[in-house]
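First chain written, first letter: the chains are A, B, C and D, and each begins at residue 1.
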């Protein structure tokens, strides 16, 4: 098996410095079934557990390596950081300000979302993803703003949009400002839709609450990763609320497929090919060929130059 | 039926004294009693005003949840004429947690849609205490589309603790229903006027609340999650709800500061539950005024303003 | 109680000649619960059984008297008669031709549908209804053509459309020609809808199969009469197919209300007021006021002149 | 697996003789055997042609229902490239009785939607033998809307005995789902090309079959109701299905005469089940040709022609 990830992989699998092979004797424990796997095998299977099939969370660089052409991703607005709209600092509890600092220190990330231009099998796209390792992937001002910008960039450059979601929902510390990111992102997705530019939503473990219930549910094609917890409330909250024990299938990708909410459940090893195939189909339609309602062709856009920044608040 | 909140006790005691006095006066009218009544009435009014001027966020939560606080169907009756309720999502069920249909406001035909918590045990249970299932949102969406077809401005009244969160809701696509409504409202080709009349809780409120103008009754709340749920998420202890209520800035006054809402509609002293007619009149005036200004704006401009309104919400540095 | 119907009522209630009072000692048996009621009482309650609440079928003149302003209805295309597209005459079985003649003789009607202009509380409308007493209200070429013409007349004159349905479904003897009336009528309803002219669909006992599944389901407001059997397959067919005994509530108006398919169940005594109220609301909307997308106002149309006939086949 | 219909016995016997002969030849090649084989082959071809030229309507019903007759997913594989199945109605379930998704036909991207009866017991049961539930039609409608959004011509393949008729279907609005699809197809802003590939039964077929061009495989049927149901309605005896099949004029040849369908696609001798590749090739050619002509027509004209096409169906006197 070829080594899959180009770069070193930080996180629970035991990172190795860039370019160095992972030692043969390192082990990784599956977060779901606790099975031990050789680190090298774990990496080469894209962090899919051979025993239970769990698709463990991927870091941004891992996800990018899985999905995008090597070296094609150029992140935009990497330095964007959250404000503190509520001045959230209840007495005796950690303030939002401190929490943000803590998550940044722990994860090495500045926020829970990245976006930028990238290519899939040569096709220019806008790519965005949410990352559970920062603030449980929760959506606040920065996630909302980046998703909205990703939609608008995709719309303006007529590049298909791919968003890989993973989130616990809206970020409580931003209160109704976080809630309203649902409206902001959903409106941005529809703005993209009116331009008839395709949007593929990939739901990874877990995608819940305000993120599912806004941009993540609204893909022209909705893909879920096997076993991913996907839904609104999520099994844990439902069990808490109802006191009932749920079947293990509840709110999984497969459950949502059966109930008609997602178009397909795709194995990680097939994801790039499936997405590329979908893009080729969507892009070769009359709406795209004739560039309705915008006039510039899809494939004639500038490649990797930054766009002029939209007007923002904050 | 009478429900007295903790912090309303001084008001309730004065009311009791006033009632007793009036009984005495009715039996044996005396000038001293009349004078005392005057004092008590003034005291009551002042106490009401004082208590309700300085409600804590947690007290507002309790007021917003008050059993006697008017609901969508109360306002439908008090403010609108010819309200004609339409039922069902045309696919699965009729969800009583959301009600709606065409009605007249000040003579103009609008589509009215709102949450209904229910009154009394049986009605409340049948309406799931105002927590809609997916079919409720889909009924609302059907009515939104009908409003669009006939050019009826949309008026929505928000009064829900949160979206329902059971396994059945997952099976029928709660998240998908919410997302569809939120997205549809963002591009709906009629003016949208939303008022948070009670609890505006989470995505369940937002699914009826993407609007050109977002108004709020003085003691209503608007929140990313019910305070108990937020406390649980934040501090793993739902008993810290009062602290969460304060930290979440869910009051109308906070939300004006945050530029989330456009206008506060004052409630009568003692809250809408103490004077339903007064609350209805205040709401009516605000609705009529706002609707007039929305109807005067061309639809194209409304739509781009609506997009911009939500597009700019957020605080970040770059 | 005032005498409700202007004219004599033919049918199972025992008809009396026009203008003559119904004798005091005549009885009617409720078709559903078999209870006996004084004929006069039966008529004055609009054929609603006091015991079981059954809303018995109304003849055209009864329905018109119930719903429209007196003398305001002017039928169009009253003489339209069905062709025999399949030349349906299997050996040893009754031919379609003979069946049509038989139904005409038995019912005194030429087909299962009428339509024309009429007024409800002074509001000009196009009114149409299906009649179970001709060929079980089944939809063949004539029903389909009249419904389509009713839609187009309503569209062209910007009058609201009211259709009271009652039907066993598509007429088998016209085969796929009958089936395709579903497409013809549904398309005509949408043509009316694009003109933003309101359409109120009233489902009466029974409305089933191809009629429900085309124009009858597509009302801007769908009203059902209490206890009416309303649905697709209907309880009898479901019981035959599955061998299961259904609850008596299955496929009733109330069942469909509970399951979200109809907007309201309206008592016969309230029907005219409810319909008039709905029309006043629908007609006072921006779409109608501005006459989008047509340019002539709703209330300025000629009243009762016949329109030029649309082009037809057959 | 081999399924021999009653009237196919002469064909089956000749096939058996041919197989035996070929075995003999393989073991002991002899000129007499070779000659005999030539005779049998010619006989087989002629018999096939004769039997299939003169099928009765009831025999056509049996051919249309043949277990080995190709279904939507067979054609998706044989005729289209890159077919990518999309699942679910986004509200209740994924109904296997209807399948669909984008695909390429001769290089052009189209939206393919069709009924799938299933193969073998388990698959067929899971697909309810091609009788969709309301959620199946709603999935189809979602795909129609997606086709419209992206300008993909819609190709539908009809192969259903009828819409499902259980209490659960009533509860979820079978009639409403059918009506919505039929109405939506009437005004869908993309070219629609429909082929009846097997049984085109009742509203369940029409809900996928309101088209600019309606084609039909040579031995497919299209009918207001399954013959058994029609016989039951007409004569209260479902055993009279063969008579009903004849009276209903459900064959492609009858339907051309009635001007219900636009074109018959010839099947290979012995029917599509005897030569799936041949049937697929015939279907492919017809689809490519028709799609080309539809794509050359402006959408406005297609829509008004589509309306007129259905508007004029019917026979009456006035």
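FYI, a residue touches a chain if its C-beta (ideal position, glycine included) is under 8 Å from a C-beta of that chain, and two chains touch if they have at least 3 such contacts.
Computed from a predicted model, the values in this text were never measured in an experiment.
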Pair with more cross-chain C-beta pairs in contact, given B-C and A-B: A-B
Distance from the mean Cα position of chain C to that of chain A, given in whole angstrom: 54
Between chain A and chain D, centroid-to-centroid distance (C-alpha), Å: 41
Euclidean distance of C-alpha centroids - chain A vs chain B, Å: 34
Per-residue overlap in chain C, given as positions that touch at least 2 other chains: 259-261
Touching two or more other chains - residue numbers and ranges from chain B: 90-92, 171-173, 176, 180
Touching pairs - complete list by chain label: A-B, A-D, B-C, B-D, C-D
Touching residues on chain D, where the partner in the complex is chain C: 163, 165-167, 169-176, 178-180, 182-183, 185-187, 202-203, 206, 210, 222-225, 230, 232-235, 243-244, 246-250, 255, 258, 260, 306-307, 310-318
Chain A to chain B touching residues, read off their complex: 77, 79-86, 88-90, 93, 140-142, 144-145, 148, 170, 172-184, 186-191, 194, 208-210, 212-218, 231-233, 237-238, 240-242, 244, 246, 250-251, 255, 259-261, 309, 311-314
Contacting residues of chain B [partner chain D, same complex]: 90-92, 134, 138, 171-173, 176-177, 180
Residues of chain B that touch chain C when the two form their complex: 82, 84-95, 101-104, 108-109, 135, 139, 146, 149-152, 190
Residues of chain C defined as touching chain B within the complex: 193, 196, 198, 220-221, 257-264, 274, 277-278, 280-282, 284-290, 292
